[in-house]
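All chains are identified by letter, namely A, B, C and D, in their written order; residue positions are counted from 1 within each chain.
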Amino acid sequence: MLEVRDLSVNYGHFTALHSISLNVNPGEIVVMLGANGAGKSTLFRTLSGLQRASGGSAKWKNTPLTGGTPEYNVAHGVAQCPEGRLLFPDLSVEKNLRLGAFVHRKDTAGTNRELERVYTLFPDLVQKRNAPAGSLSGGQQQMVAIARSLMARPELLLLDEPSLGLAPMVVEQVFAAIQRVNEAGVSVLLAEQNAYAALDIAHRGYVMESGVLTLQGTQQELMTDDRVRSAYLGV
Amino acid sequence: MTTFLQQLFNAVALGGVYALVALGLTLVYGVMRVPNFAHGGLYMLGAYLTYASLTGLGIGYVPALILAAIGVALLAALMERVIFYPLRDAPHVSPMIAAIGVLFFLEAAVQLIWGPDFKQIPAPINGIVEIGGVIVTWQRLIIIAASVVVVVALNYFLKRTLTGATIEAMSQNREGARLVGINTNRVGALTFAISGLLAAAAAALIAPTLLVSPSMGEVMNLKVFAIIILGGMGSVPGAIVGAFLLSFAETFGGAYISLDFADVIGFAMLVLVLAIRPQGLFKRGT
Amino acid sequence: MLEVKNLGIHFGGNHAVQDVTASIEAGKITAIIGPNGAGKSTFFNLISGFYQPTSGSIQFLGQDITRLPTHDVVARGIARTFQTTTIYRELSVLDNAMIGHRVRTRAGLWDALLRTGRERHDEEESRAGGMAALERVGLAAQAGLPAGALTQEGQKRVGIAMALSSDPKLLLLDEPAAGMNPEETVNLMALIRELVVGGLSVVLVEHKMSLVMGLADEILVMHHGQKIAEGTPAQVSRDPAVIEAYLGSHAHGGQMGQATNGDAPAPGAVQLTKESKHA
Amino acid sequence: MKGWMWWVAVFALAALVPLFGPSGYVLDIGVNIMIYAILAYGLNVLLGYTGQLPLAHAGFFGIGAYATGILTLKLGWSFWLAWPVAVAISALAGLLLGLVAFRTKGDTFAIFTLGVGVIIMLVINKWDALTGGNDGLNGIMPPAGLEALSKSVGLKLSGGFYYLALISLALTVIAVARARGSVFGRSLIAIRGGDDLARSAGIDVYSHKLRAMMLSTAIAGFAGGLYATYLGFLGSAATGPIQTFTILLYLLVGGLGTLAGPLLGPALMYTLAQNLKGLQDYQYIVFGPLLVLLIMFAPQGIAGLWMRLTARRTPPPAAPPTQKEASRAGS
């Protein structure tokens, strides 16, 4: 499981994450709620190895996630689907996906199998497989981004703001897809601004405000807690 | 008409060489965002290593070409590690200035080792062929054939292999590349190596048709920069199109306007294009 | 004082800001809020002249400023700061402030070379303008220090002083609290209030809701590049369209009273059919 | 000791040199250093203060030099008239380049200007009728009256040239110092920190860049005119990219964005190059890596190092002089 203990991140003098502790159990979808700028992305970037921690630790099973490089974390079962997708816009969808399996580059057969699997998860992508990723609609690009991170065959998927800039209909599709991914056995830590939609599919959740976790609970508890709303709207 | 065809052959051969040199430069720019002013130095060194392999080691033209290409590739990768990598977060003028330092060092070093005089590299196959009334030297045909082969091979590498895809991926989204587990440091060094390889191969190809001198890199440097700006910095198809645009402008401008001003025409074209379209002909989306 | 009519811009096919009509009143603090990717920053860049709109118009104090270059917009009395603390760290605090006063001076290269009366006068005035701005943000005592030696909060204030020394009527603050710790944020709020009491009008883009709700007189809410609501903090925070924009709706029908799936779309709610990639 | 007193002392000392009857060789080195220094001051206006890397600088040096040569030789103008006209022509050429080049930024600006630099050199090299082409321009006369003036105070012509260069250098330093210390100059420093920041501070970036370019190229042309009359002959080689890069090296060694750097760099590097006689042709074996090491480890050059050292030795200053800015362009 993912165990984060007293994790802190400072940018110079500014404390973006203040001694965060949380965990994600195998098979869970855990949602990280909070307004923009609360520090969710910093947490995700730290867990994926893009950002160095200033203190504390994060482990997936027995793999430390805070000391190494993104390569190391991906190879050890933790993949991030980043905010803003960060696709390779001029490469075809399929190439984006194959690059997602870069850490398994020696195992072509496995990658091909995985490719078939993500195509069944995201059937819309099949007919777009040869189109440049940048030419797809926002929702489809988000699908490609999720599929790309799945190609690394992660045990834990870090999903940062998958609904960003998407229309409600598409958000629904994306969340349904996340649920399918989870049912296939992948644990998910999801950062979302779209709180209610995220809570619908999550088992548990945390609320982050200004780099501190202020609330945690099960889906039901958070659904009915007014403090979730105030975390977003300030009142 | 014959003159025209003659010029056409010359332009294609020259364009092939320009393309090889420019492709490396544009790849490096795409991946590292470094305008490598030392690139012409690598090209020049490629010519000298070919010369040294031919005369010093007494090996054949093809092995000499390969040896030179490998040598320059290694040097380029080293350059990336030692100079450009440490400068990645410096102000953008810093890597440019460092590259200028490398260019002059290479020039001076070559001059110290091989002397300032022109060197001549004998063509592997002498003589000429006549194709439909047009007389072409074998070397020009070799240049055309070889540059086609290299460009196709490069294209295959970039489009069909996973390692090649990592180069494209990194130039399109650096952070995205890191997140899928690509070691961007290694890709950077690899891209530099490829750029050195292409520059040296181009030099070895064209060397038998001209005189080899320490300053040959400077002019080439300026031309390939003109090419990749024309094509749009970082764009692979842009580099190829730009290379042929320049070679055609030079060859036909030289033939029909003034031989003296052939070089000026190329740069004038650059200035003109940039004045109208500062982002180059092929704008890349990043 | 600032009237925006049907303002829009698209990058390629992507409508980052679409058909926004709004008016910003003098002497108030107006906050522009919205979820990530809502087009706030783009809107901000449009009114400060950084981007040229593809449609609509902007009027400031009755004059059209729609397509003026940034420095002309500043000259008309609209100054801005940046989200990240962008100042000249290697220059002194006073120099930073004086840079902002440039728009009120006219001395050029010849004046510099010949040390004309205008040069001396403008230099004097820049110094006075810079110092006055530093006093407004409480940095007069640090005028001689290199700006980079100040705390993060101090550097933010330098950025604001730079904007103030252009003598603006309207100050645009782009995420002033970004990168600031809670206690610094409180100080900053006090500073912004003081400035407004002193007669300045302020527009700010901000994510930190505690700051926005505690500070703003008026709030303009954007979502998917469009304005979805405006009003006082109390009005806006009760607005169903805003709540939906922020917290989303339930994908499969909601259980919470307020943000139900759209049987009864709120007045002013937009038709969210168009997808927009965030700019 | 205040900043300007250092300068007075340096110039006073330099002015004493010819009085001790040094060899022509020493005076020649002095004149060359001063010409390079003037050129470096011009480059510093754009690169050091405004943060733009123009790689056509030697081209404007060439325009000033050739304009002086052509006006005096072909039109028979007096040097004293031709020189200021040449400066104006260089400034105007700079304006023309800037109008187009400043539509681009960063790398593209550098490479674009490099292309223009090559064009200038090639045109000078190929336009035989005007510039003498490969053969160059020969027989440019010393300034009228300089020899007589020198004799009247007991100096040779070389001494006269030395003083002419010294006065030119002093004028340049004064002009650049005034430009830097002005309302205008502060705006250039603002642009160095980034176009967007400067724009939002209310600065008309394009127009300031253009004027900086004109000052820079006018100074280059000023050095060029002096060079033409001093050397008496001109070749196109001195107008090309290599020359630009050499000045760039000198400037970096001395200290980018500082007032002393453009003098220190040429003084040190030119003298060094003269003393590495055996290495003359191969000087870049040393200078190339030096350029790399400088940009990597001491991007502020000698003047920057000196400032850092003195800043550390003195107790924390209450109000450091505003001119003490770092050379880095990023903000």
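Rule of thumb we're sticking to: a contact is a pair of C-beta atoms (placed from the backbone, for glycine too) under 8 Å apart; a residue touches a chain by one contact, two chains touch by 3 or more.
Note that the structure is predicted; figures quoted are calculated from it, not measured.
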| item | value |
| --- | --- |
| Centroid distance [mean C-alpha coordinates] between chain C and chain B, Å | 47 |
| Distance between chain centroids, defined by C-alpha means - chain B, chain D (Å) | 32 |
| Intercentroid distance (Cα basis), chain D paired with chain C, Å | 42 |
| Distance from the mean Cα position of chain D to that of chain A, given in whole angstrom | 55 |
| Multi-partner residues of chain D (each touching 2 or more other chains) | 328 |
| Shared interface positions of chain A, touching two or more other chains | none |
| For chain C, residues contacting two or more additional chains | none |
| Pairwise touch network: line, ring, star, complete, or other | ring |
| Full enumeration of touching chain pairs | A-B, A-C, B-D, C-D |
| Of all residues in chain B, those that touch chain D in their complex | 29, 33, 35, 83, 86-87, 90-94, 96-98, 100-109, 111-112, 116, 218, 222, 225-226, 229, 233, 260-261, 263-264, 267-268, 270-271, 274-275, 278 |
| Residues of chain C that touch chain A when the two form their complex | 35-37, 151-152, 175, 178-182, 207-214, 224, 233-234, 237, 242-243, 246-252, 254-256, 259, 272-278 |
| In the complex with chain C, residue positions of chain D that touch it | 175, 178-179, 181-187, 189-190, 193-194, 196-205, 211, 214-215, 317-320, 322, 325-326, 328, 331 |
| Sites on chain A touched by chain C in the complex | 11-15, 35-37, 84, 137-139, 141, 161, 163-168, 170-172, 175-176, 192-198, 200-201, 210, 223-224, 228-229, 232-235 |
| For the chain C and chain D complex, residues of the former touching the latter | 48, 50, 69-71, 74-75, 79-82, 86-92, 94-95, 98-100, 102-103, 105, 107-109, 111-113, 115, 119, 122-123, 126, 143-146, 162-163, 166 |
